[in-house]
Amino acid sequence: MPSCVVARRVHFNAAHRLHNPRQSDQWNRDTFGKCNLPNYHGHNYELDILVEGEIDPDTGYVIDVGILKQLADEHIISLLDHHNLNLDVPWFAERLPSAENIARFCWEQLAPRIPQGRLRRIRLWETPRNYVDYEGL
Amino acid sequence: MPSCVVARRVHFNAAHRLHNPRQSDQWNRDTFGKCNLPNYHGHNYELDILVEGEIDPDTGYVIDVGILKQLADEHIISLLDHHNLNLDVPWFAERLPSAENIARFCWEQLAPRIPQGRLRRIRLWETPRNYVDYEGL
Amino acid sequence: MPSCVVARRVHFNAAHRLHNPRQSDQWNRDTFGKCNLPNYHGHNYELDILVEGEIDPDTGYVIDVGILKQLADEHIISLLDHHNLNLDVPWFAERLPSAENIARFCWEQLAPRIPQGRLRRIRLWETPRNYVDYEGL
Amino acid sequence: MPSCVVARRVHFNAAHRLHNPRQSDQWNRDTFGKCNLPNYHGHNYELDILVEGEIDPDTGYVIDVGILKQLADEHIISLLDHHNLNLDVPWFAERLPSAENIARFCWEQLAPRIPQGRLRRIRLWETPRNYVDYEGL
Amino acid sequence: MPSCVVARRVHFNAAHRLHNPRQSDQWNRDTFGKCNLPNYHGHNYELDILVEGEIDPDTGYVIDVGILKQLADEHIISLLDHHNLNLDVPWFAERLPSAENIARFCWEQLAPRIPQGRLRRIRLWETPRNYVDYEGL
Amino acid sequence: MPSCVVARRVHFNAAHRLHNPRQSDQWNRDTFGKCNLPNYHGHNYELDILVEGEIDPDTGYVIDVGILKQLADEHIISLLDHHNLNLDVPWFAERLPSAENIARFCWEQLAPRIPQGRLRRIRLWETPRNYVDYEGL
């Protein structure tokens, strides 16, 4: 069968800091460098949501990308945008807010809610020179 | 064996409208929203053509991307660029001109004509925030 | 005095056709080429709205770019987005919907409504390789 | 005389929050919305440094952009990158860290140190849809 | 009077090296660093051509950007694209092929040939992080 | 198991020429066109390095992208940046410096040195409209 994947890009801004409280301050500085600075820094994140499926002959759609935008707004953007990932988002209480884990968070928020088709991949751009592809189970 | 894929990006501008004549006007408005407005709207489409193959030791090429450009010009750009997909392109007489179906159209135009290597994927950007990956048989 | 200009980029998609009904069909074809094709084509327009003024010490703003977004939504995007400029927008009944004139339209819609600071420039991208700067009176 | 301006783009990531301590919490929430959320958010800032001057016939340069990079690294990037503008940068103790004021800060850091030519403009991108042009005295 | 400027972006790839034969090798290495390496390096140049004028009510154009493309193809692209600026372009026999001078070359090639309106500015991107604005007499 | 891939983009500028010395001059001109011009041309190359692996719960990383940057600087950028691929890089003495082969070179330089995770793909952009994906063994 042919494969068709649709992608919708959404945007959020957030602050974060990489710091593992189970390790020493020295380990944190050595491991994370500037990303460990105490008062946070931040990024303009761009998030691509990729959904695979058959093309519905009635709509021409694999999925309406407006639905992807709405799901992202409700379950990702409203929680992360203009927030501090370390302080404001409980999911990161026990996990480092690295690009890898943010992508995984986005996957876990969306995967159970994709109504038709199938979530195929999350691509998260942390900067224009750094991105992560996450594909969950 | 190693895998090598070359991609060439081409560009076209077109008008379209999403409207399924087998459904009621109300269904069309509910399903397609602004994309169903009667007098068409349009996009700057960016199309990536990805071809896989071995690297020819005589040329260093999987395929000359100039050939991809020429095939795209002849079999895609000349038919779609500055046209109305609904009114001017017979292939869309029976299909919605969604990004998904435009990508499929591009696949069907190119797949039988790729001389060496093998068409691997069509990526069609409808806007900078919305794209489709299509891989036919 | 120092000069400070803030810019907000907004987006719309529209269909148009370049055709001057006061001239012959031949003149129109010779002058506009593919842009004169009868059934319209379209673009993803990016619009930069630039406003100049002093930095308010209470807000740090020349103008809240959220206000620019709101004014653009109400007076530009709602009228142009997903519309046919020739058929749906009365302002273009007597004017060609060229990038130059669309930029002028945006200027005329916004200039009387900029609450603080001063509209300095409209930059309209018709494609990633073609833009217009318009500065009205 | 002809005019020649060279521009060098540099990058930094930072956290900030818009909050005016001389105003009430309600005023701050009403004025800054999400940008006032208490735990900071952040951005990938792109900074263009524009310097004007004559072309030196011995070098072909108005100014070596490597010098602009070095000055930016020493007097801007080292102070702002991966920092919290509100907490870590004394210049913002009395000023809101809006894009406008960050651009002004960059101007004030660089203007006295540009060795040849003349600082003409600072362009600061806060997001891909929002930028500021600052030209000091 | 209102001001309207249209811009057309064109592209070329070229090799160059910064080396002033009137200076010592040591001076050249100190001044140009990696850009002085003997066997050339190269860039994907993006060139914006900006032309100012009144909007012609018959066409909606300040100038047909197709004419700008054609002039650029004939008088710039055909001479620079896929060439070595130092060895292949006589204009650079006596001038360093810096971004500044390439912009000036483009100005001198185009200024006498702009049929309506008026050449306002040449913007030359040497890399995505480095550009030059040139405005001749 | 979930899949997580991190990507780091790096940049270099280089000159090259496509010419196969085992073939006639006529064959080279017919095959490579402008890319065969004798005095070289050049590009701004963008290189994406993609590494796959599990997310380390102590760091949140698949791999520290700073390590990818460092490996790229040492084993790719220092050899290719501001160089002539044909004349300065021994690996290309027997191979055409096409985008395909440059991507393969980058793979061979990095694959043995990726300390954790696993090199998954090299994506090399030769121009904004032309890229190659290479996945070695």
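Letters A, B, C, D, E and F mark the chains in the order given here, with residues in each chain numbered from 1 onward.
Heads up, the rule we're going with is that a residue touches a chain if its C-beta (ideal position, glycine included) is under 8 Å from a C-beta of that chain, and two chains touch if they have at least 3 such contacts.
Keep in mind it's a predicted model, so treat the numbers as computed, not measured.
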Chains contacting each of chain B and chain D, listed by label: A, C
Touching both chain C and chain D (chains): E
Chain C and chain E, separation of their C-alpha mean positions in angstrom: 28
Between chain F and chain C, distance of the C-alpha-averaged centres to the nearest whole Å: 41
Centroid distance [mean C-alpha coordinates] between chain C and chain A, Å: 33
Touching two or more other chains - residues of chain D: 128
Interchain contacts, given as pairs of chains that touch: A-B, A-D, A-F, B-C, B-F, C-D, C-E, D-E, E-F
Touching residues on chain B, where the partner in the complex is chain A: 18, 20, 22-23, 31-33, 95-101, 103-104, 107, 128-137
Chain B residues within the chain F interface of the complex: 1-10, 50, 55, 57-62, 64-66
Partner chain C, residues of chain B touching it in the complex: 11, 13-16, 34-35, 37, 39-44, 81-84, 87-88, 127-128
